[in-house]
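Structures are listed in the sections that come next.
Look at the two complexes coming up: chain A is in both, with chain B in one and chain C in the other.
Now for the complex of A and B:
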């Protein structure tokens, strides 16, 4: 497998960023990581995952959909879309990589969302195999192998080297574009590390979490469960879980009057918010119980019902570490488990 | 880049009719004349005044109308209040058509039809009624039961009197909730009136109105011997995208915007009661 020695990684970043925009996870002062546009000298985070997911790259928190010029009774619609530039996201974890295929099922389904597709077409996802999974990790529950991540190309570290493997044509083109900096390497040590990581995954606290009780066929059974009342009782409706979630894709569309025309924006929304379904004549989900139930039913029942059994969760664990009342999808799955 | 459904077209208001104290019917044309797009009965469109908001409205005109589209809109919230303040000549943005439609060319063909509407609920059914009138030979008996709070709240009353009631091939039964001067027709709620009329259970039913009216009407129909597979309705929930992506108009795993808005009651029965 082609590799580069670890001390040359920044040379590689310099070379990639000379051709196209490169984003890597970088440690912030507080110790948590976030994706940043690479500038020479920046060091890639050694941490496991970023605080926010990588969905922003394809589905940004806010984006301009269209502009309007209002002139008396007349309206002019202005298509502000532009072809995205090519970019590379380096160091995406297996869970976030899977989230892109889940988002694809929403945004690339007919009618295709051109805003999302534009970024997806121009972005190359280079993933990083995990070696030190955290206690909040449960990606294996959803059939994800963190030692062999999806994405266009995958990168594996044996501590001294980074190895490159293409998962598709786009990934191969990426590796070809940097091949003059790579050399053939022996993967023996790497395979041992992968095996070691798989063993760690088996011993994690959430290793035995099962999806057996979920899926589209249990729609009415789970919807009418009495457990939602207790599970949702303390939910603040803050929406943090939906914002850090790599697969949450609900959005709002709002207009902003600039004083010189109208800008129409799409922004992330949350099914946890009380006005999410509120209309002039009523609200179909009036209580936090209903809103809470919607979020988990969507990921564990509705999404698989519409997508050949695929669940709308990738086990990244962000909601486990961020929920202010320590409620999360794992607790919901355990409570609703059918024994 | 390909067209994106989220980028709307522009239409112009060419006529406004005050139907009731709080319902107006707006005629919409493309800027160059004619219709902005074609649709089937029961389908919807997203109408917007940029800077005010965007909302989903059922297209109340029949597709057999080749000149224009019409929308009957009740003044209810922010956007609809703005729409009610418009004058003829105002441009709006429009995108669609969205959703499925009443199965006028398949399941409803050749059937005896019973339309049951309450208040503004007539708006989506009017599209089907006029489609059926324009293709009369394809359908059996047609009966319309329509009720409202008062005589003044009957939407499209003029069309009902002048055209539907004058049509010998259609039976029209009107009712209002309370007695009113100048009204010698039936008085009483729609669900009770349907039971009194005791329609033949051979009929296929299309019902639309306030949720409480739909609920009691369905219960009444069942008492008369109708089954849920004979009864269709059309739903409305909050929508932003209209194409099943923004995540809010779902009932269970079905999105009202793309899997609906038209559902048969046996289909709704398999979904959670969250609407």
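Now for the complex of A and C:
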């Protein structure tokens, strides 16, 4: 397999970023990383994952959709879409890589979301295999192999080298573009590390979490469960879980009055918020119980019902770490388990 | 301590003094504690927990809980009693419907401080003579207890319970705290340095509203920022300065009512030190209107709600703003 030695990683970043914009995970303060546009000398985070997921690259927290200019009685509609530049996201974990597959099912289904597609077409996702999963990880529950991540190209570390493998044509093109810096390497040590990681995955506290009790056909059973009251009783109704989640995809579209026109934008929305899906008649979910239930029903029942059984969660564990009251999808799945 | 608390909770449930108990429930790991209401002795035996990780302030939940049928038992740490008292003062909590037991406070542990050391795969954390023995998937780690304590406990202002019906353990004193040190440091910066500090911190904000929703001083039925008809609901920031404005406006709104419980910074997923904005207001109120601690009592007049002829003139703001 083609590889580069670990001490040459920044040379590689310099070479990639000379051709296109490169984003890498960078430590912000001890223990929390974020994706940043690479600048020479920046060090890649050794942490497991970023606080915010990688979905921002394709589905940003806010974006303008169109401008409207008022001229007397005429309204001019201005299409502000521009072709995205090419960019590379390096170091995406297997969970986040799978989240793109989930987001694709929403945004690339007819009618195609041209804003999302534009960025998706121009972005190359280079994933990084995991070697030190955290106790909050449960990606294997959703059939994800963190030692063999998806994405356009995948990178594997044996501690001394980074190995490159293409998963599709885009990934192959990426590897070809840097092949002069890579050389053939022996993967014996790497295979041992992968085996070791797979063993650790089996020992994780959430290794046995099962999706057997969920899916599209379980709708009424779970919707009517009496457990929601207890599960949601302490929910603060904040949007932390939805905003750190790599698969949460709900958004709101609003108009911003600029004084002589309108900027139409969309922004992430959260089903936990009291004005979520508020319509002319009012709100369809008036209690926090209903709003809380919506989030988990969406991921565990509605999404698989509409997407051939695929669940809307990738087991990244961000909501487990970040919920202010430590209520999360794992606790919900365990409480609703059908024995 | 947990055993004593559980025993007393069951007694008060059994003799009918209360019909519910609010406390904390164990999670999947040693640290992921959820506030919870218990109705039976069996539930308490199965899930009630009080340990080094039970940080959450349950006072705000009592707004809703104290309006229900019957009396609820609440276990409050010293800092929580200030929030509780302030909410009683603001007529948000129905005092008669709550039986308060004062329990010892922290220092509590912050799992993020442990993870920040690069410790991962955490399976258990034990405090042995103020050294943490941390069992992980990758072997055993140790770290000093005091390096892992939560920020709000490191700056603890008081070990005194300002309200209770009974006490478990001994009551403490108001502490000589160093909680204004960082505020002073910020005050001593140049305007540009201070601006850069806050822009750096506040630009991390993802507007999840966790700080607002956990805040015992933020109890509006419908926040202006959640009300689409308000015209300022700003679900998305029109520019990067709006995130700053949200936090500054919120700090103004809770000024004089914020007890400095520290929940805002504890819950922030982006680790923004939001409490420093509130502490700046507390420090200014202390110096401009005389020492005042929100929540210390339920009768005194709040400095910003009260007019006296010797109040400082508005021009003081201008004077203090000059570099």
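To be clear about the criterion, the second predicted complex is superposed on the first by the 337 of 339 C-alpha atoms of A that agree within 3 Å, B and C clash if a C-alpha of one lies under 4 Å from a C-alpha of the other, contacts with A are read in each partner's own complex, and residues count from 1 in each chain.
One rule holds in what follows: contacts are C-beta pairs under 8 Å (C-beta built on N, C-alpha and C of every residue); 3 or more make two chains touch, one makes a residue touch a chain.
Please read these numbers as outputs of a predicted model, since none were measured by experiment.
Asks: Under the superposition described at the top, does placing chain B and chain C together on chain A give a clash or a fit?
Replies: Overlaying the two complexes on chain A (C-alpha atoms) leaves chain C and chain B fitting together cleanly.
Asks: In the overlaid three-chain picture, which partner chain does A:278 touch, first (chain B) or second (chain C), both, or neither?
Replies: Both partners, chain B and chain C.
Asks: Just checking: does A:227 make contact with chain B only, chain C only, both, or neither of them? Give me first, second, both or neither.
Replies: In the superposition, A:227 touches no partner, neither chain B nor chain C.
Asks: Can you report the vertex angle at chain A, computed from the C-alpha centres of the three chains with chain B and chain C as the arms, to the nearest 10 degrees?
Replies: One gets 90 degrees for this angle.
Asks: Per the contact definition in the header, classify A:269: touching chain B only (first), chain C only (second), both, or neither.
Replies: Both: A:269 reaches chain B and chain C.
Asks: If we overlay the two complexes on their shared chain A, which of chain B and chain C does A:30 touch? Say first, second, both or neither.
Replies: second
Asks: If we overlay the two complexes on their shared chain A, which of chain B and chain C does A:252 touch? Say first, second, both or neither.
Replies: both
Asks: Determine, under the contact definition given at the top, whether A:66 touches first (chain B), second (chain C), both, or neither.
Replies: A:66: touches chain B, not chain C.
Asks: Taking the superposition as given, does A:77 touch the first partner, chain B, the second, chain C, both, or neither?
Replies: Once the two structures are laid over each other on A, A:77 reaches chain B alone.
Asks: If we overlay the two complexes on their shared chain A, which of chain B and chain C does A:216 touch? Say first, second, both or neither.
Replies: In the superposition, A:216 touches chain B alone.
Asks: Between chain B and chain C, report the minimum C-alpha distance in the superposition, expressed in whole angstrom.
Replies: 8
Asks: So which bits of chain A does chain B touch that chain C touches too?
Replies: Residues 252, 266, 269, 278 of chain A touch both chain B and chain C.
Asks: Can you check the complex and tell me which residues of chain C touch chain A?
Replies: 27-29, 31-37, 56, 61, 112, 115-118, 120-123, 136-138, 204, 206-210, 212-214, 222, 226-228, 233, 235-238, 266-267, 269-271
Asks: Can you name the residues of chain A that touch chain B in the complex?
Replies: 65-66, 68, 70, 73-77, 79, 81, 83, 106-107, 109, 111-115, 118, 216, 219-220, 223-224, 249-253, 255, 257, 262, 264, 266, 269, 271, 276-281, 284-285, 290, 294, 297-298, 301-303, 305-306
Asks: Per the contact definition, I'd like the list of chain B residues that touch chain A in the complex.
Replies: Touching chain A from chain B are residues 1-10, 50-54, 76-78, 80, 87, 89-93, 236-238, 240-241, 243-253, 270-272, 274-275.
Asks: For chain A, which residues are in contact with chain C within the complex?
Replies: It is residues 28-32, 48, 51-52, 61-62, 132-136, 200, 203-206, 230, 233-234, 236-240, 242-244, 252, 254, 256, 265-270, 273-275, 278, 320, 322, 324-328, 330-331 of chain A that touch chain C.
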